[in-house]
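Look at the two complexes coming up: chain A is in both, with chain B in one and chain C in the other.
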Partner chain A sequence: MPTLSQQASDAGLEQVAPLLFYAFALLTGLSAWAVVISQNIVRMSVYLLMTLAGAAGLYFMLGAEFLAAIQLIVYVGGTLILIVFGIMLTNKSPFAQLRTEPWEMMLGVFIAVVTAALLIFALSQTPMKAQGEAILNSGYDQVRAVGVGLLTKYLMPFEAVAVLLLVVMVGAAFMARQRARK
Partner chain B sequence: MDAQLIASLVTIVVAVHVMLLGCAYLILLERKVAAWTQDRIGPNRVGFSFGVLPVRHSCWGLGQPLADGLKLLLKEDYTPPGAERALFLLAPVMVLIPTMLGWAIVPWGGYLQWGGRVVSVTAAAIPIGVIYALAIGSLGVYGVVVGAYASNSKYSFLGGLRAAAQMLSYEIPTGVSALTIILVHGTARADMLVHLQANGVWNVFYQPVLAVVFFTCVLAECNRAPFDLAECEQELVGGYHTEYSSMKWALYMLSEYMHMIAGSALFALLFLGGWDLPVVHEPLVGGLGWVALKSLVFIVKVAMLLLVMMWVRWTLPRFRFDQLMRLAWRGMIPVTLAVLLATSALVCLKLPAWTMAVANAVVAVGALMALEWSQPHTPENYRVPLAGSRFSPVR
Partner chain C sequence: MSGVLPTTTELRLVLPEVWLVIAMCAVILVPLVAPRNSRVLALAALGGLALAVLSLLRTLDLAGDYGFVFGGSLTVDYFSQLFKLVLLMFTMLVLIQWWIVSSRRPDPLDTPDFLCLLLGATLGMSLMASASNLLMIFIATESASLPSFALAGFRKRHRAGSEAALKYVIFGAASSAVMLYGMSLIYGTTGTLELEGVGRAAASGVTPLLAVGLLSMFAGIAFKLSAVPMHFWCPDVFEAAPIEVTTFLSVASKGAAVCLLLRVVGSLGAGTWPGESHLTGLLAAVAIMGAVTATWGNLVAIHQTNIKRLLAYSSIAHAGYMIMAASLICRTDGGSSSAAVAGPVLFYLLVYVFMNLGAFTAAALVAKDVGSEDIRDMAGLLRRSPVVATMLTLFLLSLFGMPGLGGFMGKVYLMKAMADAGAWGFLLIAALLLNTLLSLYYYMRPVYFMAFHAEPPDSLPLRPDLAGVAILVLCSAVLLWTGLFPARAADLTEDFALLQLVHQPAPPAPGTGGDPRGDEATGTASVSQAGSPTEGLGANFPVASVERGDLPTLDTAEP
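After this line comes the complex of A and B, so read on.
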């Protein structure tokens, strides 16, 4: 029943939307900054969690709920693995401090500037508002669109990524096993 | 203000208050169920007099949750000297928030017609409903890991790692079961899933294997017995919350019960037809009376599931950790994947729905035969060569 669901999901977010946007944007930006300046690996992971969760909140506000949920499942779930592996598989104790070398910092700044320039260029070239409103008003089913896209137009990249992940998993299992045998 | 916004706010306020009070009384009910299982009487003394008020009757021990809460608030709130203070404070909150956010999509009473407007009696009727609940559910494990790490204690740390491994493993079969239901109905909207079941047959009859797997996974994700390895007293003292005291510890306990409610609500809407009452034909959109009836039916279903969870907890002994991981990775994940494949083939061929029950039965029989075939036929308990253990042949 498309008419009914549209009528019901037509929530009055206009009044609170800017406030929520600034809250999520602030959370994302500040915790991303904290990831960079923090020296403790577990704290870094917690800040990274907040960054990713804030980005997921921004996706929710943009009407991309499916992307937001996938962001939570894949990236935020992945961060947890990062915490656990950061503690378990590094030889240092979980309370160890990480030091950044000067050349690493230079490299990081360079990569950040290049990425930011690329993103700003791409954003300035895209008519975001018009396209986004057209998509939102067409009332299409996000999950169905993503599924159909992955199995028709983008089948090759999808399969390639799947094979890559499988190879990584087998490789990781092999390495872990070798380590356990020693 | 928008009508839907008002309806959402009212739903949120009512649901949160009912749930918080419900959690307190669930703890009392748990103690009572434990007592009944063990042939005891259970807490029956604390009434509402508290030694001050002129209430003579003990009220069947209904004052116990209030007294427990008061006691926890008045206890010393101790932070160990070596702890990471900020994370130690943050962790109980990180456990509590996801369990409360998970209720947002639960369609308590379908749609309400009020003066020509139709509003959904849901906190947020978003199109990806069930996927959202799974995504939020995957955040719950953070509080456990972060709290365990921040305590700076070996017992907490080992408990936290166990809990993380367990919750991550059991998320996979949960997700695959929910995915199969979404596949059958062609929608992830929580209200539509319930509506489609209300007009047909509940999913528990079409997908019994998935229902069993999903319920077991809910138990495992709540860290409840027989899956409460994370707080196994013999090995880990108190598990990940060993160092927590007072209200912070109470938040961990509270979030376990809230997680139970959220999991039961998800189970009810996926497999038990949500607000559907078998004989009565409810409309999707109804007046206040219909909404009240449907909410009541939903809450009764959730309450029954909670009672089953408690019954299971006080009946079954605890698993060993390797048994727990084997159950998830070698048992549930292959079975759910087999059911997913079979169901997608049936949906693709447009066969009638009862064939799904047949497919489920075939998968169940196959799994049982594989289990029988793979088990060693020795009278004694099969021991895993666990290096370092006193019983281990591997030294």
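After this line comes the complex of A and C, so read on.
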């Protein structure tokens, strides 16, 4: 199964792929911006949803369908719901305003500009070339490659993450109990 | 397409970690079926650690099989094994310290959580010492950090503790994000997750994007090291956390980060110091970071009155000393190799473990009795409890670097390694000496109060716990041993300072000697030095490998 962009070109629609890219990139970038600017925490989480969905779109464009699907299921579907639940359960009012002081804003803008300048400089100075071998194009083989990788070459990280999640669960349970007993 | 399934040997090499996981599960599951009993659980955790130590010692029999395991995710080598041994034994001592020092008997409801988190953090740190690909480094660092966050806030209804834990979480999450971003840039520019491959790619030219990625990754490691400018969490967390957690974090977390730093820097720039180096800038940045960290830690420590906070800044300074030395690991001039730097750092770490454990235990015994962690409340301690006061003085003197104690020899070996590095090394020595002088003032302040201030009129003689005194005696014995008879410990750390950084040991360059002599009985192994740097990529990596039999290398490229 060819990637979306290949499909597009197959169909003689080369113009669509760049358009799609810019649409997803704009969605990601602008809503990330909105997360930072916004002062209402629920709005922030909705903008975050758009950012994550936009990134998923970019993954689709790159031919990483599996990653894109995971992004949609785990982040857009799961994590975001958790965030909203977290807001509802912890905040007195879901419409709490988060205000930033002007100096904090200025410091943030300064750091952001410096970081962006550094990254843009680094990107412009670095010759880009394809690295490594592209993982298989077809969607089914991708899942297969990921599965095989997790149980062979990346077995150790996989297991380590499993243990990490256990520890985190214990820690989180402890924290929650601590609060409940107070 | 399929990779390699783990072999029995590989599983045996990670058996210590497996025991830790089993012990973790045991401390959670046992309370479900048996009545809650803190003592049984603590013993179970101790037993798990003891089994881990035993299986670790048994892996020394498998030294011929050391190398990259699990598809290159982990590297098991002498270096990692010695660190893990120290780490496991240290964790056992921390457990004992926790048992003695907690002001009241630990809450049976919290004991499983505490033990599980402690063992989980230990597991993460031992993985950090072995991690040799970017994915594993990230997971190991997280496994070490996340339990630490919960441990830092472990005291109930302790406002400062919760605040410090929150600060720790936010700071940790931000630096993890930066590290992960850096790793993604590294992966994007080099196309590999293996440190070795990243090192190869870097050897053929560090692009600006790769440099940004490496810097971001180092920022994450610097957080674990609490190196300036990523140190803000450290004093607050150390002051507010329970003292056994502070002891654990001050040694284990920093030690693991130092090991990780050594491995990362060693893999990245092996054989390139200082001439025609692609990484000079990066290594210089690491060295400067170390010097600034040491100086900053010492300068701020001068004003501290809380003993835990004072020791926190002191631990920042000590991390700085080790970072300074670690930055030299890639140098090749002077005929030295990674072992010449890793050995002294390991020695320093070994001594540092006992200095800090001793100092914190003594402080905890005093604080438990006096009810305050302020050094001014230690007035007259010398008369109230000569044993504890003398021991605390000894530990502080060792932290300063008094001749005759382990801390002094540690600094001497670090300076020796620096002296081999030429002019740049002498700058570092100057920084180290200056900092040592600076540190004398604040290490002596508690001693001054203990010895020359009168105790409060209504004070009773201090009756420290016998087991607590036993820990103090053990620590001071180690410090005296390493201080007065350092040769044995130094040989040991030198022998074990063998970092395996590349898959295939580079063949000794013809005509340049480098005849491998493996001494199987003592576990020493020769360090084959890379030949001339013009001999292709492989020659850029001085191989510190075990030359005993064939190294089973997992050839991950082939099906």
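Just so it is clear, the second predicted complex is superposed on the first by the 113 of 182 C-alpha atoms of A that agree within 3 Å, B and C clash if a C-alpha of one lies under 4 Å from a C-alpha of the other, contacts with A are read in each partner's own complex, and residues count from 1 in each chain.
Simple rule for what comes next: a residue touches a chain if its C-beta (ideal position, glycine included) is under 8 Å from a C-beta of that chain, and two chains touch if they have at least 3 such contacts.
The shown structure was predicted, so the numbers you read here are calculated from the model rather than taken from an experiment.
Colleague: Examine A:17 and indicate which partner it touches, taking first as chain B and second as chain C; both and neither are also allowed.
Modeller: A:17 contacts neither chain B nor chain C.
Colleague: So in the superposed three-chain picture, is A:116 touching just chain B, just chain C, both, or none of them (first/second/both/neither)?
Modeller: neither
Colleague: May I ask you to decide whether A:77 touches chain B, chain C, both, or neither, giving the answer as first, second, both or neither?
Modeller: A:77 contacts chain B only, not chain C.
Colleague: Does chain B (first) or chain C (second) touch A:148, or do both, or does neither?
Modeller: second
Colleague: Applying the touch criterion given at the start, work out whether A:43 contacts chain B, chain C, both or neither, answering first, second, both or neither.
Modeller: First partner only.
Colleague: Determine, under the contact definition given at the top, whether A:66 touches first (chain B), second (chain C), both, or neither.
Modeller: first
Colleague: Considering the complex alone, what residue numbers of chain A touch chain B?
Modeller: 1, 4-5, 7-13, 15, 42-43, 46, 49, 53, 65-66, 68-70, 72-73, 76-77, 80-81, 83-84, 87-88, 94-95, 141-143
Colleague: Going by the contact rule at the top, pick out the chain B residues touching chain A in the complex.
Modeller: 1-2, 4-5, 8, 84, 87, 90, 111, 118-120, 124-128, 131-132, 134-136, 138-139, 141-142, 145-146, 149, 152, 161, 164-165, 168, 171, 175, 182, 188-189, 191-192, 284-285
Colleague: Considering the complex alone, what residue numbers of chain A touch chain C?
Modeller: 118-119, 121-123, 125-127, 131-132, 145, 148-149, 152-157, 160-161, 163-164, 166-168, 170-175, 177-178, 181-182
Colleague: Which residues of chain C touch chain A in their complex?
Modeller: Residue list for chain C touching chain A: 1-6, 14, 21, 24, 28, 69-74, 109-110, 112-113, 116-117, 120-121, 123-124, 127, 135-136, 139-140, 142-143, 146-147, 149-150, 153-154, 156-157, 188-192, 207-212, 556.
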